[in-house]
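In structure tokens below, several structures.
Shared between the two complexes below is chain A, which has chain B as its partner in the first and chain C in the second.
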Partner chain A sequence: MSKPEFVYVTYIKTKPERLWEALTSSEFSRRYWFGTELRSDFKAGSPFALVVDGKATDTGEILEADRPRRLSYTFKHELDDEMRKEGATKVAFTLKPHGDLVKLTLTHEGFAKDSKLLDGISKGWPAILSSLKSLLESGDALAIPLHALGIEGVA
Partner chain B sequence: MLRASDPARRLAYASNNRKEQAKCEGTSRMTFDLGLRGKLVKLTVTHDELGEDGKTSRDISGGRPIKIASLKSMLETGNPLPVDMLSQRKKELSCV
Partner chain C sequence: MNIDKFKPQTVYTIYIASTPEKVWEALTSAEFSRKYFFGNSVEIEQRVGGAYIVRTPDGALHISGEVIECDRPRKLSVTFNVNWPALIEKLGPTLVTYAIEQVGEAVRLTMSEAHDRPLSDDILSGGRQGWPAILSSLKSVLETGKPLVVKMGPPQRMLAALRDLGIATP
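What follows is the complex of A and B.
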């Protein structure tokens, strides 16, 4: 079996239920995900969209929603012309209790050859998940300027 | 052995996996790159020149993320993550 192209593992001092809430609720995501809203009912087969300032930046379909253990969805970028042509990829979050912590593993796979999207998400996910960890542990998300990530095609 | 030191920007050193089963894999390289992003620091940890048998690769994939996550918590909240690193280490060893 080939390895996913992107894997991110972190440990957060929180409860699985709260982390699930943060991964599925716009109240949380607006704070740690560069103002992004999450549009979905998070049921298998339902549509999924990331929305910024009323515009869908990424869309997909919920593949698995096993609260609060595993969430996966297809993921297709919509704004950048080149990235939109690459088609759908797959995002999966696994939440595993680890003592008083939760081990969060994100995999993102299924990219086209020489994918521009892979370069973009490789810069985006670490900032988003790092901010999520800060929010859950300290109450404050990180103030990362989006342009500082250096993602081509994203202002 | 220190390979590179550029204070506040880059630190690299050679690292030996001391576990019996991985000793034959020799010396790998740890690199920490620090880059400013607004008021934050982006830390990139790279561990490469790993042995071909994959034992060191497996060991560090189990151990590095929790140490880096704890470092972030300590710098931001003043408290490291409540993890008993010794029992964590034993757990890693027991998986060999």
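What follows is the complex of A and C.
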């Protein structure tokens, strides 16, 4: 059995630089990430936070920022009591040119046994990254109600 | 076919700005599937027990199967057997299920690839390489009208694992 982790791959008709911008700028993230703002200067060692309505939902530290190829940060959930106790996990994005596309690989790893956070992010990432792809390809993010993802504790 | 023993070993979920009926059409139409499925075409008899076939661009039989569940436009379950000698005998049949749900103004498409026995990550790597490309392109066609050109070599890791099991590959 492999270690519990979540891996998601998608192909996007865009340029690595533009995808990097979308992964690191609140202007983009507000539109495809359920209103989430990204707080960081995206330099290795800097703090990182996801902020919704002024509240930090997740926090961490930038581990790697090799623009526009690889971005990774630690990721700790802050709102839900159980998930907060699970401690920090690790998120890594790899952006690889693939013909006139970019292959985006997300790896989220380092989960506790029977992790509630793993269940939540497994439902969240496909919606977030699908919406990101739509935004970059068509100019419109997806209109998905957050509650429809079926994440425990998210109304 | 009894599918009780089958367990999903690869699951891929993608959200698409579309309708369940259009997603169903994309998954079941030969003309539409050629646009996003590496030029392969799907032929299906839309009833339980009907035939499910995927042909390569030159018309050769690539995948053959049987419709196990057909609940348009919500759920389609088919056996999905790559037409290589000895593959089924050694690895058992593959069951692919598409679940289609309306969520807000989008559609959630969940593809599950299930097997009746545990398979190694090496064997599963072929599907895990292919599905994200196929379904990313399907999404692009439905949303923008333009398929993605995903150039992809043969799934070497899976082919090596099959050879190790004595399964002849093209």
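One rule holds in what follows: the second predicted complex is superposed on the first by the 151 of 155 C-alpha atoms of A that agree within 3 Å, B and C clash if a C-alpha of one lies under 4 Å from a C-alpha of the other, contacts with A are read in each partner's own complex, and residues count from 1 in each chain.
The rule is short, and it goes like this: a contact is a pair of C-beta atoms (placed from the backbone, for glycine too) under 8 Å apart; a residue touches a chain by one contact, two chains touch by 3 or more.
No experiment lies behind these values; they were computed from the predicted model shown.
Asker: Would you mind checking whether chain B and chain C clash or fit side by side on chain A after the superposition?
Answerer: Pair status: clash.
Asker: Let me test your reading of the model: by the given contact rule, A:74 touches which partner, first (chain B), second (chain C), both or neither?
Answerer: In the superposition, A:74 touches no partner, neither chain B nor chain C.
Asker: Quick one: is A:24 in contact with chain B, with chain C, with both, or with neither? Answer first, second, both or neither.
Answerer: In the superposed model, A:24 contacts neither chain B nor chain C.
Asker: Should A:36 be classified as contacting the first partner (chain B), the second (chain C), both, or neither?
Answerer: In the superposed model, A:36 contacts neither chain B nor chain C.
Asker: Both chain B and chain C contact which residues of chain A?
Answerer: 9-13, 98-101, 126-127, 130, 133-134, 137-138, 142-145, 148-149
Asker: Could you list, by residue number, the parts of chain B that touch chain A in their complex?
Answerer: Result: residues 37-40, 42, 61, 65-66, 68-70, 72-73, 76-77, 81-83 of chain B touch chain A.
Asker: Within the complex, which stretch of chain A touches chain B?
Answerer: Result: residues 9-13, 98-101, 103, 126-127, 130, 133-134, 137-138, 142-145, 148-149 of chain A touch chain B.
Asker: What residues of chain A sit close enough to touch chain C in their complex?
Answerer: Residues 2, 8-13, 98-101, 126-127, 130-131, 133-134, 137-138, 140, 142-145, 148-149.
Asker: State the interface residues of chain C toward chain A in the complex, per the touch definition above.
Answerer: 12-17, 103-106, 108, 121, 132-133, 136-137, 139-140, 143-144, 146, 148-151
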